[in-house]
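Take a look at the structures below.
Each of the next two complexes has subunit A plus one more chain, namely subunit B in the first and subunit C in the second.
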Partner chain A sequence: MTTTRPIATARMYRRCLGAHLRAALEYEADFWILVVASIMMQATGVIFLGAVFARIPTLAGWTLAEVVLIYSLVVIAEGVGSLCFEGTWYLPWMVNQGDLDYTLVRPYPVVLQTMSGAVGLNGVGNLLTGGLLMAWSLSRVDVDWSPLRIALAVALFLSAVLIKLSVTLASTSACFWVFGASFMLPTALHQVGELAKYPVSVYSAGIRVALTVVIPFAFVSFYPAAAVLGHGQDSWVGLLTPLVAGYCVVVAGAVFRRGLRRYESSGN
Partner chain B sequence: MPAATMAVMPVIEARELTKVFRRPDKSEGLRGSLRHLVTRRYTTTSAVDHVSLSIEPGEAVAYVGPNGAGKSTTVKLLSGILVPTSGEVVVGGIVPHRDRIANARQVGVLFGQRTQLWWDLPVRESLALLRDMYGIGPADYRAQLARFDEVLELGELLPVTARKLSLGQRMRADLAAALLHRPGIVYLDEPTIGLDIAVKDRVRDFLRRLVADGTTLILTTHDLGDIEDVCRRIAIIDGGRIIYDGGLDGVKDTFARERCMHVRLTTDVDPQSVAALLPDAEVTPGGSPGEFTIRFDRFVLTAGQVIATASSLAEIDDLLIDEPAIEDVVRKVYSGELELEPAEDGVGAGVGA
Partner chain C sequence: MAARAYLCMVKVSARTVLTYRANFVLGLFAVFFQLLAMLYVWRLLLESGKDFGGYTWPQMKAYLLVAFVTSSLVSAYGDFRMAARIRDGLVSLDLVKPVTYQTARFAETVGRAALELAVTFAVAGSIALVTGGIPVPDLPQLLLFAVSIAAVVPLKFLVVYLSTLLCFWTQNYMGVAWARTSLVALLSGSLIPLVLLPSWLQTTAMLLPFASLTATPAAIYLGQATGGEALGLLLTQAGWVTVLWVAGRLVWRFAVRQLTVHGG
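Presenting the complex of A and B:
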């Protein structure tokens, strides 16, 4: 994997993605359906949140605006995943069909060719919803927006997205070891990740530990949000988000590379 | 040419290359699948079994064998797509599956059965993406497109979305995609499969030029015309093992044992009497009286003996011996009829035999 020229590598990624985006935008009706559908899906959760907070003032000590920030972080991470890294989800299918063959003989990292191999326009809807939710939340929470805090927020939120992407990559990479069932695993994990749309403090200790240590979904939303908001005495944990992100990226990359050695292509 | 006779360093070197696939050993139906969950039995097959190949710069090698013999698997091992179970492979000084990026810059790969073009994009976009990946400069890119337009009539395909191309068009565009970065080593797996004659001729002509320009080529094909047109060396693989590796002529000498002689005698002679004198040959009467076709095994009879026998019956008016065709040999390899002795020492067996 080349790390010598990161800018050229990123530019190439954008080129691949841009090509797929242009292709996807040719189907105008698809675009609108995907955007509207994804907004509806995310809005459902928000409506539920609103209904809950109509009866209770706070959830485990979190106000509606604070919970919406947590919620929006997951929605945005999903949006970035769909719009820019949707190809990750197609990995099991590509491995099964032997479609990685050509990517292995091009001078560009296989993992990046795979991740940039598709564009999920539903990500546009997610980013719109997530962006609006975050804006609404941040306008209501009581935070002193010093430049340092803004920089911290950006760093933590970007790290959060990386964690989400890494978990997806690691789980889809399972397809190198197990075939049929591998289509189900990433979806199941994604579903588990939905738990992180709410403060993890509402869950029992076991689930909290699982979401923190086993699969660190809590670092996608809860911990970074707590750190930025300065919420609770454990809010410092959120400062670890970039470290967790680094760890996740390294592990996911290693899993993918190990898997690639097992790639068997397919017969003709 | 066998590697041993030349001092040039081989550009592709495979030693005892082996790829073992492990498949779950499931019996039929749900019951079998459930049992597999508990017992976990596997069968292993060696798709490529201790294959050694040594190919010099500029060589064009036809790599042939029946379906499932291990042709494509070998190509995938040489190109770094698969990691070998054992054995070594070095291409241009690089171990392909370890250093894939460096390897990608020196090789071009085409699998005729599948496209590398981006399915939903016009050909032009696919080529532009590859241009950027390989870092090809604008002038070189234009020159390459012009070259491909000249030999493959690529120009008309550029605006077409890949999924709308016919098979022949797709193959032309895929050839351009595989060769855009001017690779010195090219692996083509069935590049003419499903193409009509006109396109086939064009592709072959293109391959000849490629080889003339010094490109090292490994060509996997079912099409005998491709082989004779483009390659001078042939490697035959069967059951994962190389059973012949040497010159095209060597194949004929070694394996094309049957000769076919057409004889016209000045007087009408009963075919039965010819057959009686040549019990080891197969004699069939020709179109007119006095004409025969005599088929014989050159290890049993010599052409001289056959001629002497025929001329003992009557004066020979005309005589024609069919050139033994490489095609007959390869066709027999594909249909599994040919009884080949295992190659001696792997490489070069049969050359000049």
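Presenting the complex of A and C:
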């Protein structure tokens, strides 16, 4: 019985998400607007990199293909977040409106109900651009693809996505404590994460430490990329990515649970 | 009579920003962190000694700070409110008010823009001081710069307003806003100075109103455009404001026919 439960939980998650996906796809024009818009957003970043690297061979010791790998990891993590866990972003709204009440009486983890509560179709555009960028980058970088290295890449990149999701969950869970500013806090933090689209070695020591230790955005892109590419000392730090991911998942889960215990319905 | 109503809207929208100041400041965060990343990347790039359109580090800093100010202007979520009112039909209440819809939205934008200008100039000034200063043009050039920044307010308002009117046809304002933000960033020069883009993109930017949003104030601040050339750029800004203002009125007249209100 206990061995089948994670599978049942996952199947349930897929069904929740599927319902929202079908609802979202009813608006066909919206789907195209979101996909095109998210591709345009990522394209501007790529055009910037292209214009810069047209004049310079490396940035802080990283070639264009390597920087594109870093960039694509952020884009893919955002894409997975939008497509499969968009509901996380609506938590402050649900708390504010008292909509969280419904989830409390259903026999399924509240956190998973929240996370599967919406679908962001812009994720499709992000995954398309991110996937293309990553494929382009990996076909160009100088890496010896042994089975072990492929396994390492998969493990590190999955951990990277987990870190991004955990930070989003932890920051939206702040709405259990601060009601007013909570709508903007996750968005603001998300913007800090944009710093991780470039090698963090370009930043000053203070920002590097903040992105490594305080809010580990550097582990979403820079360190896992360094580890897979075998890029100097940073590659050793990159091997810690799964540990950091485990830590982030535990902390985000704890923040959400503690917040939920404080939840007082606003009525509905 | 109407002028007093608009003036009142200017004041009220400024006061709203002050009331929700935490959201206002966090909203500026987005642009601020982009600025931070760009400052570090560009310092490194220019230290490499390679040529980037002839920009020196202090000049590039000044460019990025001007771009920071122009991209923060008219971004305080007034458009999201307008989009929501169009979508759920509340805009019908605006139709019965004895003011012009477009002018009323512009009045609200002006109230917010005053605060945006104050905050962003303070931030830009502090960054300039902390990072070792930026070139400052002489007084006549500084006045031309002030005029060009002032022109950005109506111009950017109109770009935002016209794209928000699309909500009469689509449910999804988020996507429209993202697409607009990307287009404006790329073609205004706030992403990267236009001279560093491929020439076909440069030409596109110059033929459209976008270059007037960031490239123009930056060129005037850095003294790349002086005298007659600067005046020409200011006239181009004024021309675009006029054209887009009329376009806004026309699109509104057409768009409002799309409105279906199911009771309320």
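In this text, the second predicted complex is superposed on the first by the 262 of 268 C-alpha atoms of A that agree within 3 Å, B and C clash if a C-alpha of one lies under 4 Å from a C-alpha of the other, contacts with A are read in each partner's own complex, and residues count from 1 in each chain.
The definition used in the following text is that contacts are C-beta pairs under 8 Å (C-beta built on N, C-alpha and C of every residue); 3 or more make two chains touch, one makes a residue touch a chain.
Quick caveat, the model's predicted, so the values are computed rather than measured.
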{"item": "Greater residue coverage of subunit A in the superposed arrangement, subunit B or subunit C", "value": "C"}
{"item": "Which of subunit B and subunit C A:30 touches, first, second, both or neither", "value": "second"}
{"item": "Partner chain in contact with A:104 - subunit B first, subunit C second, else both or neither", "value": "first"}
{"item": "Partner chain(s) touched by A:264 [first = subunit B, second = subunit C, both, neither]", "value": "first"}
{"item": "Touched partner set for A:198, first subunit B, second subunit C, both or neither", "value": "second"}
{"item": "First, second, both or neither for A:43, with subunit B first and subunit C second", "value": "second"}
{"item": "First (subunit B), second (subunit C), both or neither touched by A:14", "value": "neither"}
{"item": "Subunit B/subunit C common contact set on subunit A", "value": "none"}
{"item": "Residue ranges of subunit B touching subunit A (in the complex, touch as defined)", "value": "21, 68, 72, 76, 79-83, 97, 100-105, 107, 109, 111, 113-114, 116, 118, 120-121, 125, 129-130, 132-135, 190"}
{"item": "Residues of subunit A touching subunit C in the complex", "value": "27, 29-30, 33-34, 36-38, 40-41, 43-44, 47-48, 51-52, 55-56, 59-60, 122, 180-181, 183-185, 187-188, 191-192, 194-195, 197-198, 202-204, 207"}
{"item": "Complex contacts: residues of subunit A adjacent to subunit B", "value": "1-2, 12, 15-16, 19-20, 22-24, 26, 98-102, 104-110, 261-265, 267-268"}
{"item": "Contact set on subunit C toward subunit A in their complex", "value": "20, 22-23, 26-27, 29-30, 32-34, 36-37, 40-41, 44-45, 48, 50-52, 170-172, 174-176, 178-179, 181-183, 185-186, 191-192, 196-198, 201"}
